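So, here's a batch of structures to check.
Next come two complexes built around chain A: one with chain B, the other with chain C.
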Partner chain A sequence: MSQVTFTHVSKHFGDSIAVDDMSLQIDDREFMVLLGPSGCGKTTALRMIAGLETVTSGDVVIGNTRVNDIAASDRDIAMVFQSYALYPHMTVRKNIESPLVARRNGRLNSTERARRVADAADVLGLGDYLDRKPGALSGGQRQRVALARAIVRRPEVFLMDEPLSNLDAKLRTQTRLELVELWRRLETTFIYVTHDQVEAMTMGSKIAVMTAGKLQQVGAPQAVYERPANLFVAAFIGSPPMNLLEGVLETTQAASVPGGRVPVANPASVAAGAAVTVGVRPENLHVGGSDVEATVASIELLGHERNVICNVGPARWVVRQGAHDAPLHVGDTIGLGVDPDYVHVFDTASTARVN
Partner chain B sequence: MAVVAARSRKAKEALMAYAMLAPLLAVFAVFAYYPFYRLFQFALFQKFSNSDEERFVGFQGIWDNLSSDEFTSGLWTTLKFMLYTVPAGLVLGVLLATAAHRRLKGIKIFQTIFSSTIASSVAVSSVVFLTLINRQSGFFQNVEFLNLERTGSALRGVALSSVWQNIGLTFIIVLAGMQAIPEEINEAATLDGYGPIRRFFRVTVPMISPTLLFLAVVLVVQALQAYAQIELLTLGGPQGSTETLLYKITELQSRTDLQTGASFALGLFVLTLLISVGQFVMLNRRVHYDN
Partner chain C sequence: MTTEPTPTTESTPTRRWRNLGWYVLLTALSILVLFPVYMTFIRAISGGAASLFQKKPSLLPVATDWSSFIDAFREGNLGAPLLRSLLVTAIIVVAQTVTSTMAAYAFAFLEFPLKKVLFALIMGTLLLPIEVTLIANVQTMFDLDLINVTDPTFGRTLTALTIPFLATALGVFLIRQGFLGIPHDLLDAARLDGYSDMAFLWKIAVPVTRPIVGSFIVISFLGAYNQYVWPRFAVKSNDYDTIQIALRNFLTDNPNQLNWGFAAALIAAVPVLVLLLVFQRQLVRGLTAGAVK
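And now, the complex of A and B:
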């Protein structure tokens, strides 16, 4: 069993609080993505699992063992670093073998070690590079060596700290898929840190959104996308991001906003007259409706579709439009229709979701 | 036309290159090439103090000097001095740097203390050492192992003083080498399961190996050129037991016989060259340079 549990975990660096009272359950064989902007505490949380940071208060449990006081070198975890952290003086073979020779006790014999290294290299397609040094490899190959070094020891938990951020866009997309395949094949727990919500959405079986040291929402990617728990999550997840506009709740099923009125299918749990922020994703808007009036400010052509950027009251909204829809021009005044089933309502003061 | 233009541009570039090299070449010519040429001249001709007459002695004359007991004993002392100072200096520098390479409050104070000898001259540190080792009142007065007044131990005493003198340099350079190792590599090694000692030998030492090679060369050259500490601590004695080659050469220069000293200097030059080349060839195979 390799579940990881945070129970009221905090981490302070002097006066600054990196992780604030975080409680999180990561199940066995989960692909958990810790997602958030830089400085949100996600990497610190990961490093506490690794044992590279001490825990200020609370408990970190791996499997059934509280690991707060267990040294990093004695935890059964492997980590892939953003910089890959390969040993530049060792060949790829020695790099991959390193976790197998590092511990003196319980060390495998050399035949078994060679077999494990060959297996790991095979999984990651590194067979031809075993005798090279990291300096002679491309970024993508180095990243694979780091992964091979992680899988060779068959750890209980894999930790990955932004492992794709040093790759170019194309390789990143490809490696994303490969990592998910690797996770399926290995059937172990992955904990993956990223600031890239696309990575989180595409790879995670669950995502945990963090900001300012605090956990905001945990759930399956689709669930988080469809029902963001607060304004931060709503704005952070989705590309282009969710359109937001402050207004006032008329009834529990409609809000008046500058430039119109937004219908809400899921009734809000606050009383009419409350100050709310309404959120609608670009794909839940259509041109030619009569809910909100907008002025076209700019149009982005993406080939298969268009992003129409318009001014709605004081805000900028993005409307997704098919590539073959009637063309719009900058300056046009248009009416936008809102799909009431997909309207998100947040309490403006507390930022929490209220519908 | 294009060929001519290219040629003239090349000529211009070459001219520019020489112009930029000129100051350095001038300094080298005055302080290195010309003295070296004169050294050869001194070594090839025997001159007598009572007359202006010079006699060509040639390479045979140089060889006669280099095969003398005087030269071989100096050579032996020099090599011993090198063996006493270089490994000890390297190991101590690495140990101190390891101790000081950590994030602790006030560690900068220790780093400053450890590197302080770099700012004190050989003369100062030799005098301090002389006080420490003084047979009547020094802190180490009863340490026979370092007794400067006995032939068996005097060279060790001088060597210890030199190790101490060089420790600041070694410390600073090794510390810089260690600080250049990315923290993530140490963390990766920790997660791989290396304990601190194995991490040191498997990761730290290989990664600072270029630094160690550089220091080994510098310390060897320092050992071969040691003079002031010998002059201040023992004057080459007792009974010539601390007379290194360089010390003998300077002693010989003060007499009228320039030919012997010049021959010895050539011998020392060849020795330095051989050791340095040997070090690079041998160590380069085992040194890792990041590419």
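And now, the complex of A and C:
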């Protein structure tokens, strides 16, 4: 069993709090993505699982073992670093073999080691590069060596700290798919840290959104996208981000905002008159409705669609439009229709979702 | 795909003139450095001629008498001192490399109480020239019976020659700087792989910083091999002279055969020359490491 559990885990660096009372259950064979902006504590959380940071308070449990006081090398985990952290003076073969030879106890014999290295190299297509040194490899190849070094030990849990951020865009997209395939093939737990919500959405079987050391929401990517738990998650997930506008709740099923009135299908749990922030994703708006009045400020052409950027009251909203819809011009005043089924209502003061 | 040439702010002729300036300067400096070696060589092969003592000695050899090298080696009995010097040097270099590397590791990667104070203290010793501690060290050696005028055994002498130099602040500093340049992820990866502190030090940290450790070995060798002042006090029998002491004695004993003296000096320099040729590339890389990234 290789589930990982955080129970009220905090990590303090002097006066600053990196991770604040985090409780999280990561199931066996899950691909969990810790997502958040830089400095949100996601890497610190990962490093606590790895044993590279001590835990200030709370318990970190891997399988059924509390690992707070267990050395990194004894935790049956492997980690891929953003910088790959390959040993520059060793060949690819030696790098991959390294976790098998470094530990004194339970060292495999050389035949078994060679077989494991060959297996790992085979999985990642590194067979031709085994005798090269990392300096003679491209970024993508180095990344594969780092992965091979991780899988050669056959650990219970894989930890990955932004492993794709040093790759170019094309290679990143390709490697994303390969990582998911690797996860399916290995049938183990992956815990993956990123600030890139596209990576989180496309790879994770679950995502955990963090900011300022606090866990904001945990769930399947689509669920988090469709029902963000608070304003931070709403604004962080989605590209372009969710359109937000402060207003006042008229009834539990409608909110008045500057420039119009937004219908809400899912009734809000707060009383009429409450200060709320209304959120609508760009794809849930259409030009030609009569809910909200807007002025076109700019238009982005993406080929297959257009992003119409408008001024709505004090806010900037983005409306997604088909490439062949009637063209708009900057300065046009338009009416926007809102799909009430997809309106998100947040309490402005507490930022929590209320519908 | 074609690559645009890197635009430069200065035109090619300007750069050419500047390069020429550098070459002239470097050539002049090389001549300055090599001139004494050249004159030593000229005088070594010029026989015992009186011209060597003139106020304006000839810049060209007045004779080509190669026998002075063989004579000097034989008459000065330089073989044994040379070997003794190499033994002393080897002990000091190995010890300094091991102690400096381990201390550097502690100061670079481990946390312990008074780390900064201890480091400052060790660095402080860099400011003390050997002359400051000389008398105290000689006294200590006498107290420990490692310098013994009446019974200077080889073991005593060897110990006295090496023991004050088994650790060096310069090495701790240089190698620590190298270690600090190792990316932190590498240390983390090694911890996860299961390397112990010692295994990380010798299998990863030292190989990764090889140019710096290599240049330290050269510096350490030069320092140990060229020692003169300390052996002057530590060696109490001509049977245990190091090469530099033997050289001095040989010169004193043969005031009329200065060509021998010059030849002997060149013979004494051979190990240094060999070392520099072997380590030349390492040395240059080590001394400039971190200067450009």
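One rule holds for everything that comes next: the second predicted complex is superposed on the first by the 355 of 355 C-alpha atoms of A that agree within 3 Å, B and C clash if a C-alpha of one lies under 4 Å from a C-alpha of the other, contacts with A are read in each partner's own complex, and residues count from 1 in each chain.
Note that a residue touches a chain if its C-beta (ideal position, glycine included) is under 8 Å from a C-beta of that chain, and two chains touch if they have at least 3 such contacts.
All values derive from a computational prediction rather than experimental measurement.
Here chain A is shared; do chain B and chain C fit on it together or clash?
Pair status: clash.
In the overlaid three-chain picture, which partner chain does A:Ser83 touch, first (chain B) or second (chain C), both, or neither?
Both: A:Ser83 reaches chain B and chain C.
Could you tell me if A:Ala72 is touching chain B, chain C, both of them or neither one (first, second, both, neither)?
The answer is both, since A:Ala72 touches chain B and chain C.
Check whether A:Gly135 is in contact with chain B, with chain C, with both or with neither, and answer first, second, both or neither.
The first partner, chain B, only.
State whether A:Pro99 touches chain B only (first), chain C only (second), both chains, or neither.
It touches chain B and chain C both.
Chain A residues touched by both chain B and chain C?
50-52, 72-73, 77-79, 81-83, 85, 87-89, 98-99, 102-103, 149
What residues on chain A touch chain C, complex-wise?
Residues of chain A touching chain C: 47, 50-52, 71-73, 77-79, 81-85, 87-89, 98-99, 102-104, 149.
Would you mind writing out the residues of chain B in touch with chain A in their complex?
Per the touch definition, chain B meets chain A at residues 182, 184-185, 187-195, 198, 202-203, 206-207, 209, 288, 290-291.
Chain A touches which residues of chain C in the complex?
Chain C residues touching chain A: 183, 185-186, 188-196, 199, 204, 207-208, 210.
Any idea which chain A residues touch chain B in the complex?
Against chain B, chain A makes touches at 50-52, 72-75, 77-79, 81-83, 85-90, 98-99, 102-103, 133, 135-136, 149.
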